[in-house]
Amino acid sequence: MLQAFPDLKGRYGDFGGKYVPETLMGPLQELEAALDKMMTDPDFIEEYHHVLKEYAGRPTSLTYADKLTDHFKGAKIYLKREDLNHTGAHKLNNAIGQALLAKRMGKEKIIAETGAGQHGVASATVAAKFGLQCIVFMGEEDIRRQELNVFRMKLLGAEVVSVSSGNGTLKDATNEAIRYWVANCEDHFYLIGSVVGPHPYPRMVRDFQRIIGDESKRQFLEVEKELPERIFACVGGGSNAMGMFYPFLEDRSELIGVEAAGKGIDTPEHAATLSKGTPGVIHGSMTYLMQDENGQITEPYSISAGLDYPGIGPEHAHLFQTEQVRYEAVTDREALDALKLLTQKEGIIPAIESAHALAQAFKEVPFMNKNETILINLSGRGDKDMATLMEHFQEEV
Amino acid sequence: MLQAFPDLKGRYGDFGGKYVPETLMGPLQELEAALDKMMTDPDFIEEYHHVLKEYAGRPTSLTYADKLTDHFKGAKIYLKREDLNHTGAHKLNNAIGQALLAKRMGKEKIIAETGAGQHGVASATVAAKFGLQCIVFMGEEDIRRQELNVFRMKLLGAEVVSVSSGNGTLKDATNEAIRYWVANCEDHFYLIGSVVGPHPYPRMVRDFQRIIGDESKRQFLEVEKELPERIFACVGGGSNAMGMFYPFLEDRSELIGVEAAGKGIDTPEHAATLSKGTPGVIHGSMTYLMQDENGQITEPYSISAGLDYPGIGPEHAHLFQTEQVRYEAVTDREALDALKLLTQKEGIIPAIESAHALAQAFKEVPFMNKNETILINLSGRGDKDMATLMEHFQEEV
Amino acid sequence: MLTKTSFQGKLTKTDNLFIPFIVAGDPSSEFTIQFALRLQEEGADVLELGVPYSDPLADGPTIQRAAQRALRAGMSLRKAIELVPELRRKGLTIPVVIFTYYNPVIQIGHEEFFQLLEENSVEGLLIPDLPFEESGEIRQQAEQKNIEFISLIAPNSDQRIKQIAEHAKGFLYCVSSLGVTGERKDMAPEALSFIKKVKQYSQVPVAVGFGISSNEHVKLVRSHADGVIIGSKIIRLVEAEIENIANGKADEALDHFTIGVRELVK
Amino acid sequence: MLTKTSFQGKLTKTDNLFIPFIVAGDPSSEFTIQFALRLQEEGADVLELGVPYSDPLADGPTIQRAAQRALRAGMSLRKAIELVPELRRKGLTIPVVIFTYYNPVIQIGHEEFFQLLEENSVEGLLIPDLPFEESGEIRQQAEQKNIEFISLIAPNSDQRIKQIAEHAKGFLYCVSSLGVTGERKDMAPEALSFIKKVKQYSQVPVAVGFGISSNEHVKLVRSHADGVIIGSKIIRLVEAEIENIANGKADEALDHFTIGVRELVK
């Protein structure tokens, strides 16, 4: 089954595909061919694993959260520590894979879109490491909000292009990156940051992120001898969740994807694509998205910039439809509370994105048995969120 | 020889010792006894290594810097990646060791001093993780400059005490932490952040940091089959350098400690303790320090808050005097240039502290042979320095 | 293709085609009608009626702005389709191609969508983000309803050129920034061989679009292809009149627009 | 100890001692002399003359502030020692103990330092950051120069109490926040047994210091130990007069000070 999706047309059941301007069909076929070749080339696979180990710091730890476990008096809580990855999140796994692929394809320029800047920083990082030119598209509103990450990308040598179309956020940056790719696909590689976009991107990103789940499985079995009862991961585009879930899809573990409910899924301000969205096409892929009755894509909201995306990877849409993964949504406030609890109990300040996964786990774990176990994917560290946290916690700490 | 220093009186040749108020002699003896017991207790050692692996993310990577090597066309450059350690620097290794020791000693409250906040964050982190109360002393001037780290410590549950004596910087925070310990030594454990302070601190911190050198040696031999020609590390108090150097002391590798020359060692604004200081007593230890002709300790200066300390660990003073380690000094500007070069060639933004080690290495490496190798200790990541870097690079990037 | 489609019926010639693109509702339905009529007067052979979309992946900033104006004016896919009979009533006789991204179509649903197209006598359909491989069902439904599904083709379509060209309906839209911009006096050799290749396989007129913004471009394209598609440049002519329209100077606006179009396609 | 040291010679009694601490140069050398004389008038038996230091590890905020004032006034270890003959000339007869952190001593060098102490007839020396284990050389040099090296001892000195007490010279400085603060009417039992233990081993008077800031404290300590050492409280009495001194009201300042001291040790 692990090989079953996507099919040859890039479909995960009803979802996926390539809904792109004709100009991109050539480059996507070229990419697909190169990818198929490389993913079966032991040399390439070895290089990818070598870089992950010697540069990115993998394997990342599996941490037993003893104090949290004591606190909830339910199932044993384990954390997969993607926050320990170089540049502070799982994003780099994928950026490394794609950058190596770009090099093998002879492309010397990469394009990336970014919202909060995490994927932009990861892309700028691999561009520096592998000697590629890098152009990052970022909404002008996000550039204003994420000044530090913009500077970081520039320091890494990347060019940051301000996108003023639409609302000047991630969705618009992605549109613009795709448009730029349309016009420059000859010598540019488009390095997408999540399991979204046209085929073969969702598959490729998943395959470069499944290292999370592969490592977790091995580490977990080493410590606990059996697999966790439940596995939690936050879902923006869905790459950290897909990377974590994929190797567990056929196992007995229950998989839970956690979306951002923002100010509440009954308000207009959320980013709970599966909980509240409907099927459609966004950024080249058939999937669930947030839209109005005329099929115009709407602006999502979440306190966490990395979850603030109106679409979701097509494989998630499929796993949702086939009920292989349970999807829940968690509000800003719930995520912040979970972030604070983890910080004070375990000395780990997670990314606000990751705190969504924590919050859902914390809702469930008290009702589980002490001989059960759960695994939470800590997709990134909270350093990038300090300004936001100061604003929200200033009075509490 | 590795067992030779310090001697039973805590001396490294002419340096070290316990120059403390009588009130602290009892607690120091208690600490020494506990330490001696624990460092030979397989249980304790195993717990320490377990936490390093499953919580802190060790071993940290050894990264071959291929693009930097190509750039300089000299010796092959390797980086020891302490920036990948949880909380972003080597500081945590030591904090973990001491926190575990505090727990074994039945102390439930820890005290720490901090300058830029790195050791404060590491201490607050282990306090959260191990369920200890934590009070961090920090100069009021540093609190103003490092607002983000102050918030981080508070979020982790630590109490941050503002120190207004002296110039309100690290030296004064350390004085105040010691004073507080004097008054509260009964139930408080003082968690010093570098290889400084009275015996047994310099030895203890070295022994909790030698994991850096131990891992490096093993990793280096695995990849290169022989040891590096030269090993570089920056020196503030000297813990990352001591941790790196110690396991190599008897080997043929040349060891180079790099101090902060600030605006130049011929100006009054530097922190080059060994290059420009003289022997004396600071924070309970006989060592080199920066002082005026009356023996009043003077305020150091460096762009890098972690090197901005007027003393240095006594073992370094000894290694300096016996010429076992070569000490150099690097200016703010040289460090910044090195930081930028590493960032753009390797996609790693180092701490400004670590950039001092880089800068010295970059001066030497072009004159070395291609079949030679060097190892640089990348003691921490640059995230904490972004505001400073923006100020200095705003126009360049 | 035994019976002529209404698209074919309304197309008065098969070469030297002028195919302008405007956005429905930019800046209002009323003016869309007026601009369309002016375009017909200036020799338009087919009207591409763009449906504004929030995330127009294949469009540059000019068309994005037009879409924003139209969305603000309340335009939607349904309303754009329903504008076609209005256009007819006001005298438009050339075939109309509805140009829409796929997502709004999904929301209406294929069946209802084609029913709408049929009820409103739309002659053609173009969905820029529905490439050949994804458009099987839509192409079939379009054929059933006698609506021409316009295909796009690009220089890098490579081995797919033959397949796409052979299945083309109405006219073939050659996407091309074919080196016609700037000072160049003739098309790049690759561009020429691309058009030649397409024409070799195509049963329908071959029109070239993308980046055509001056009378020189138009002439150059006409000399090699069966038609020229002009989008952004036409939109800019509309955009230039927004202020006049806002100030109630409708006639002046339309006359300026006519002069601009005439200058472009002379 | 065949010959009496000059410290012993000048000490007029061995119990009920009042040992005040002031900082040399706070706020000026001139006033240090004046304050010292007033203290002698109020019954001081020994003067602890503190040398200001940039990093006084063992001192609280009050003494830190005094040190800052003195450093600003240009005081140094050398100058503080040289102040002693001045004090004598102005009439001070009680023994003087130089209280200095170790680092300034290192900078002068042991040899020159003791020469200075000797030349200036200093009777005693106290180095708060030089515990027994580190002070072997200094103690020996002091003994050679007939200067009393004052040792400190703390409740947690434990097994070392005997060793320190037996080697004590001049008087023994019991460091103690011995539960004498606050409302408590008598000392905590641990404190009493600590003093008892120290006295058992000591050949010299046992004085108690640290945190003594009221007449009640003084009385309590006196009833159990041979002497009372008062630092911060005396400094605060000095500090309270800084403004008067700055305004040239020297007599008023000194009189206030005298009243404060009298109140404290009555």
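Read from first to last, the chains carry the letters A, B, C and D; within each, the first residue is number 1.
Note that in this section contacts are C-beta pairs under 8 Å (C-beta built on N, C-alpha and C of every residue); 3 or more make two chains touch, one makes a residue touch a chain.
It should be emphasised that the depicted structure is a prediction, and the values quoted were computed from it without experimental measurement.
Novice: I need the common contact partners of chain A and chain D, sorted by label.
Specialist: B
Novice: Based on CA centres, what chain would you say lies at the far end from chain A?
Specialist: Checked the centroid distances; the maximum from chain A is D.
Novice: In whole angstrom, what separates the CA-based centres of chain B and chain D?
Specialist: 37
Novice: Measuring from the mean C-alpha position of chain C to the mean C-alpha position of chain D, what distance in angstrom results?
Specialist: 98
Novice: Between chain B and chain C, what is the separation of their C-alpha centroids in Å?
Specialist: Spacing between the chain centres: roughly 67 Å.
Novice: Which word fits the touch map of the chains here: line, ring, star, complete or other?
Specialist: Line.
Novice: Would you please name all pairs of chains that touch?
Specialist: Taking the chains two at a time, the touching pairs are A-B, A-C, B-D.
Novice: In the complex of these two chains, what residues of chain A are touching chain C?
Specialist: That would be residues 9, 17-23, 25-27, 165-166, 171-172, 175, 178-179, 182-183, 185-186, 278-284, 289, 291, 293-298 of chain A.
Novice: Which chain B residues qualify as touching chain A in the complex?
Specialist: Touching chain A: residues 53-57, 60-64, 67, 81, 83-84, 86, 88, 124-129, 131, 148, 151-152, 154-157, 340, 343-349, 383, 386, 389-390, 393-394, 397 of chain B.
Novice: If you look only at chain C, which of its residues touch chain A in the complex?
Specialist: 53-61, 64, 71, 76-78, 101-108, 128-134, 151-154, 156-158, 160, 164, 175, 177
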